[in-house]
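Labels run A, B, C and D following the written order; every chain starts at residue 1.
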């Protein structure tokens, strides 16, 4: 696919918009793509990155990623009009229709888990769902998309160091929320997902998981987790092809 | 396409290119990308008598031009592999090579005996070399006498030819190859992964929960080529070569070293279309190199022959 | 800079970074790029009793994230190494580790005995593992009993501590390490190169005139780490780790695995300034990781300890 | 160093001009540089490429190379203003002063061995030496720099397939040359150098050699050759640091 725009939103956080035919296959928020960050064998593996938003008619989609290791750092050097090798869309995303018109949905994102919630939020709002966003970051300078989310619904920010919004974690914010909500959609680091599962497991809670991947398509068994109803047995789910989004309790975090 | 066809014990291959075991599941996922019929064969994921969940995650880590895996032979077990996976694969016109694994000789015998009776299974691949299984798997692959015993036992019960997959983690690969040849192996597949490790800079601990894992990908290609070169001159059974293959040029290099067919593993993860692409490129490359048939390439590095000369990349 | 200083048998190292044998000649070329005094030590090129011309060219071939070499221990012989190279290196304030090679035990004894008497030679590195020497070099490195014998014989004549360089081309690296420890080795250096091969697409023949060669560079790093991890838990002598190191992060990874110092080989060819760069980067990385002294990192992957947590790359 | 211009002269033949401080160290035609064709470990080794011409005052130098394998193909993708990692100048080049003012020198190049002769020719002409160029190529489309060389002196082209100039090899042309010459400077494939040594070894003949390199600076012993006076003994020369240019007979080809 072709780079349309590529910009740094916050230190090391990049927003990359690509154009190409395969956008037409994107069906659900929370799906991801596997990005080849360079030609050749180094780094070898593709990088899983969530689709942050997509526009089927314009054949465009956007991802937001942190340039951290070898692959993402190389990706961050791609310039406008250059080609990027994308495999996807992959996996099963957030079940948008689980939140019904007129209901309120809570969208909880942590750090680089925030991006896929953006497409989700847009689609929920389009369906007449009220959305509340609770977004957690390390520090003020790491925050991105606050304005974009605010335009869709209430947006609360937590920072670990208290440099902006509420000091603490997303759960610090949620525990004090006054609004009611029936459904939670969440994406972020595993400790955050565990805290949500512990505190809000009785709600309709959907979690997007991360796992180290080989193939990204279900063939290599790198990304399996035990299922909730057989926690030590042989049944399993693959994060890449059964997930990355699961209903809380479906798999063992 | 007959210039790519290869005849090996039990296997009439349209072409010498097949996905390697564990890197293609049982084919379902890749069937979304292309028609499996175009493949020379399919090496399916290791099968053990009982289902296995495998190791905890993380199960993969990246290395320079390679990757480590410690899947731990996760598979649904012999019964389901036959009733679900092989039955599904029966809908395709492609020979299956069943990868047979276990922790003790009786496991291998059990799997081999049953799975070799399935009509589309045309050969077995004895996985005596998986570095991620603790209960003795490694010993099978590094002690010649034991490897010979397993081979013998499996040959006795198998209804199809038996290929033995060699581990590269040995002092003397030729000795291992000769041992399994004496044990009755009909062919060899090589190489399995090298045992490797990565540490997490943050935690100081191994990245893989299993601590060590199997190194695969382009990084190991030179080791695979060397071992195939050494072994192919010392045994009279054919070799299916693997280890880092990603292009048609790589395939030819493996043939030159002494392979008669090849398997593609890790490269499938990088590019799901890698097998069809290689199969399409091979005839063109044979033209450039001046070969009529791919089998002319086998062992060219050590056979007496004229150098190929009309090649300009 | 004392947070980088390391004490090993015979070696008071300013820092744990040294160029690996064969990848730095005798230092002359690199002295044009930087002052050799900044190095922890220098491992000089293998020395044999008599001069050796080595193998015909081509002697190197490239591989994915690695290279093959088959230099064949070219060196000017013991006498000239002492009178010209070591004398020249005596002008620097840097400990020398002399790499001792040969085809038979008496060769090792001869070189070790003479070279260990040179004042700036602070330790020996017994090269029992060079894969490019035909007359028995390989056997020393893959048979535990023989390795032990060579070690013993050299220990008897050496005036300085003896480190034995282990070959990775073995089924059981721990067994080899224990054998040389029993033989009296004061330390280990590991790993030497993996035996590998490349074929020329045009000619069908091996690229290296020696046919096979030693694989080095980032491609082999995971194998080196795994072996150091295994060995460091089973011996009580220190390990100088090597195999694909190119960055300060790599150095820490080797320490985590169990190394007490490191050597940088192939990376010198890619960047002549790689050793000074790593030495400069290490203190910063220790800060980021929250270590006072680099030796805290040794064996962290298997020692009981808290994970490092304050690191954000 | 920084890419000033980069263009394809003939199919797969690229001319790359770089700017940077290290040009000030270039002292001799026939020296080479070691080029890192990519960041990271793949391909790992630097590529030896001859300096085709340099301009100390402008801090510019030019190389001409064939994009053939992995490394040179990657190099050919570098665009204007991008940085290229160069180690050099390396080795010992052509001894310009061996040809005296008023004498005639023959410059013989084969294929991708032609480039370093360009700087040499310019310097010889500046010294008042008459130059004759004999340049061999595979075929007409592979020819480059004919005009540039013609401006400096007589220029004869040979093509293997006869599609331009004399059909045959450079020796076919030289054998028929009517002019006298005292010195030959040559760079090209080993068979060409061997033919020159066999046919014109009695002249002052200088040959630029090629060998697979590890370090390029004399440290790894990858590129050694036996010396002419001790053809099977222990004495040796390194192509990278003693050469790449040797007097005929000095080393065994």
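What we mean here is this: contacts are C-beta pairs under 8 Å (C-beta built on N, C-alpha and C of every residue); 3 or more make two chains touch, one makes a residue touch a chain.
Quick caveat, the model's predicted, so the values are computed rather than measured.
Of all the chains, the one whose CA centre sits at the greatest distance from that of chain C is A.
Each chain gets a centre from the mean of its Cα atoms; for chain A and chain D, those two points are 55 Å apart. As a whole-number value, the distance joining the C-alpha centres of chain A and chain C reads 45 Å. Inter-chain centre distance (chain A to chain B, centres taken as mean C-alpha positions): 36 Å. Note: centroid distance chain B to chain C, computed from Cα atoms, is 33 Å. Multi-chain contact residues, meaning those touching two or more other chains, occur in chain A at positions 41-42, 70. Under the contact definition stated at the top, the residues of chain C that touch 2 or more other chains are 63-66, 217-219, 313. A complete topology is adopted by the chain contact network, contact being made between every pair of chains. Partner chain D is touched in their complex by these residues of chain B: 64-65, 313. Residues 36, 41-46, 70, 87, 211-226, 233-234, 236, 241 of chain D are the ones that touch chain C when the two sit in their complex. On chain A, the positions that touch chain C within their shared complex are 41-42, 68-69.
Within the complex formed with chain D, the residues of chain A that make contact are 38, 40-42, 70, 74.
Within the complex, the chain C residues that touch chain B are 63-66, 68, 142, 169-172, 194-199, 201-206, 211-212, 215, 217-223, 225-226, 229, 244, 249, 252-253, 256-257, 289, 297, 300-301, 305, 307-309, 311, 313.
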